[in-house]
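Got some structures for you, see below.
In the two complexes below, chain A is the common chain; its partner is chain B in one and chain C in the other.
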Partner chain A sequence: MSTTLLLLADGRFPAGGHAHSGGLEAAVTAGRVRDLETLAAFLDGRLATAGLVAAAFAAAACRGGDTSTLDSEMDARTPSPALRKASRAQGRALLRAGRTLWTLSTVERELHHPVALGVVAAAAGLAPEEAALTAAYGTVTGPASAAVRLLGLDPYATHALVARLARDCDAVARRAARVATVDELPACSAPLLDIGAEAHASWEVRLFAS
Partner chain B sequence: MHPEAHTHPDPHAPLTAGARALRIGIGGPVGSGKTALVAALCRTLAADLRLAVVTNDIYTTEDADFLLRNGVLPADRIRAVETGCCPHTAIRDDISANLDACEDLEHDLGPLDLVLVESGGDNLTATFSKGLVDHQIFVVDVAGGDKVPRKGGPGVTTADLLVVNKTDLAPLVGADLSVMARDAAARRGDLPTVFLSLVEDPAATPVADWVRGLVKG
Partner chain C sequence: MKATARITAVAEAGRTRLVTLRSEPPLLVRRTGPRHAAGEVEVHLVGGAAGPLGGDRLRIEVTVGPGARLCVRTVAASLALPGPRWPERAGPRSPADTQSTLDIHATVAAGGSLRWLPEPLIAARGCDHVSRSLVDLESDASLTWREEVVCGRHGEDPGDASLHSTVRLGGRTLARQDLAVGPRACGWAGPAVLGGGRATGTLLVVDPLWTEKPPEAAVLGPGAARMPLAGGPAALAAAVGGDLREVRAALDRAFT
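Up next is the complex of A and B:
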């Protein structure tokens, strides 16, 4: 537990996250998320799938895993071209911020966001489980914040949902940090997030980048 | 001297002013005429400057489409940045997507003299980060009320150039330009303010001259 962890996990950290809804804008427009109850279900599903995968990759990269291997493995788990683009854009933004604050071990300009997060967390002196926790937490706070903006949901009630997910988030981070080899990296998929992201990318009018 | 510090230069260190295109931010409230001004500047400056535009409109491609439709710049010289419902965040608090867009334009098009970064329409408190742009223009219009300069706010008080736009509408909306000039001078000290009507001056001459002075300077 450290101030550095709070800094990296802070939604105000300038790493481009504010422009991404984590699939929520597509889900709202499709009518799948429309109130607190449906938002809670969306966040549950996202944490258990994209959240676990992101956390495991962040932990593996933080532990010093080969970034190019991890990046390819992340590509294999991201069938949607729109989501690949969004993940790399956020990875690039995070590497930009991380490079300004710490000394990174990589010279890559773009990596998938979870891999970049692990690299930046390691440079910041954080442990793999802390990198995993930052990743898991980000996968729920991004869409939660987007829901406040898109649906006008009560910000207290929305934060209460995130607070109720705290133990699940911790558990996902612990599980992710236990992954020891590349072969054990999880590959949980959320097909609706992939499909939604592709539809979203084709819209003429959208408020979030993804 | 610390020779080690120079042995491995960071390949992705941001280019500093001078080594890259000059970046000028254009901000202001919704409907004040930012996009029309950008289009006018492109038309006036494109002949003698290598330039590109980054737009931050909340409707993603709306502003870029306006510039394309008006034929002021080819499509590859315009990038649209999505701002996630927070236009001011994208130009001030978390500038990463805009920095990426500026850098991509220079990378893809080769050296440029000028990148205009147009903000999404926001309010009087929205200003650009110095980490994103070198200079900023704030655009207000007479139809927004002649009290706007007096209200102040960081855009009006600190922008390097204040443009009071649509002066041709002043008689129609009962705006007193002399009041706006007096209040702007009081708020801005020595910083310049120009009055503009793109109907009467489609080349946006005073603004284009100001921009040229910065690029050549």
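Up next is the complex of A and C:
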């Protein structure tokens, strides 16, 4: 148990996460997410794909993996330039915040968000599995809270969805933390997250950055 | 069934020659098509049996030498099916007994070109199929690599199919994608992954001529986009649709 873990996973941690919807805004506008049921399916798919990848990269970076290798492996798993940009923007904000709280092991200012999260988690004294859990949790809470704003869903019912995912989230973090080599890092793709992110980036007016 | 097919193309005096064409049922390789103006040689994989079936171990090795140009196609879709019923007297079965696997390893030397344009994989009900592709490109090699999956035959829920692909350029990872559909894959039919679409596909193009300027990102419709990659002169088109026709149409126009 650790307060530091709660601090880093807290949506109020000043790293700009609230500006991103994790692909939900694009899915809502396309009509793919309309209600609690479709939101639940969205969160399931996002946790199993982007969530597992982010958790594995966060754990690997926390364990002291080479950040430039991890960063380019993350690039190779992110075909969408809009998602690469969003991930780097969030990574940059997290490194900036983390650097004021702890002593980071890298002088890098820009890394993909999961890699940055691993670096900051290590500096905060967290274990790789805790870094993985923070990453996995973030991939569901981001879009869940965006759903309340975008669809006007009941916040209690939305939080109930997140609560129901708790066990899956734990399982994803455990699996992610077991990844031992760069070649084993998962690359689970979610075609509609990529395609939706590109459509979203082309809009002139949007509520969220991604 | 366990089978390995091998195709090796080399350039000789400005023309591409097939120096190895090894078939093993059910993987039969046939040279097809006229010699293209650009000197590309075309081969087709002709399915010698239905499948892959659970338990099959298939392997395809493709080597394209410096300056050689090869195009590989298949005559029909592959239909991943469950294996024969497991006899009880054979004892407990392991995934190796029931899973079908297809391993593809391709290498393309500098100045070489490979176009890999197979028909889709159809994941029939009850199948358990794993396909792994590893493509190694020397810098200055060209590649067109298409992968498509259809989730089940008409009106059928799919079995489990996962496709893992890695493309390396000059020893560095350029693209890695793992796509999983079927009952064991979490959330695959939901709005983050396929959104109820029954077909999906990607077309990866690596072209050394794009070193200065890769194609720009473009939205190709409600379920398709073209995306320049970070690690080299390459772009990936991805599409999701109600059927293969929709997906193929989007991929076909992605780079024109």
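Quick notes on this structure:
One rule holds in what follows: the second predicted complex is superposed on the first by the 210 of 210 C-alpha atoms of A that agree within 3 Å, B and C clash if a C-alpha of one lies under 4 Å from a C-alpha of the other, contacts with A are read in each partner's own complex, and residues count from 1 in each chain.
Here is the rule we go by: contacts are C-beta pairs under 8 Å (C-beta built on N, C-alpha and C of every residue); 3 or more make two chains touch, one makes a residue touch a chain.
The structure displayed is predicted, hence computed values, not measured ones.
Once both complexes are superposed on chain A, the partners chain B and chain C fit side by side without clashing.
Touch criterion met: A:Ala30 reaches chain C, while chain B stays clear of it.
When the two complexes are overlaid on their common chain A, residue A:Ala146 makes contact with chain B while staying clear of chain C. Residue contacts after overlaying the shared chain place A:Ala41 against chain C, while chain B stays out of touching range. Note on the composite model: angle chain B-chain A-chain C, taken at the C-alpha centres, equals 130°, rounded to the nearest 10.
Once the two complexes are laid over each other on the shared chain, residue contacts for A:Ser21 go to chain B alone; chain C is not touched. The wider contact with chain A, measured as residues touched, comes from C rather than the other of chain B and chain C.
By the touch criterion defined above, A:Arg92 lies against chain B but remains apart from chain C after alignment on the C-alpha atoms of chain A. When both complexes are overlaid on chain A, the residue A:Arg206 reaches chain B alone and has no touch with chain C.
Legend: residue contacts after superposition of the two complexes on their common chain; A:Glu198 is shown touching chain C, with no touch to chain B. Following the chain A superposition, chain B and chain C show a smallest Cα-Cα distance of 20 angstrom. Per the touch definition, chain B reaches chain A in the complex via residues 10-13, 58-62, 81-86, 89-90, 93-97, 99-100.
Across the interface of their complex, chain C is touched by residues 23, 27, 30, 32-33, 38, 41-50, 72-73, 75-82, 84, 168, 186-195, 198-199, 201-202 of chain A. Interface residues of chain A facing chain B in the complex, by the touch rule stated above, are 12, 14-21, 89, 92-93, 95-97, 99, 107, 109, 146, 149-150, 204-209. On chain C, the positions that touch chain A within their shared complex are 164, 166, 172-180, 185-195, 197, 200, 202, 217-219, 222-225, 227-231, 236, 238-240.
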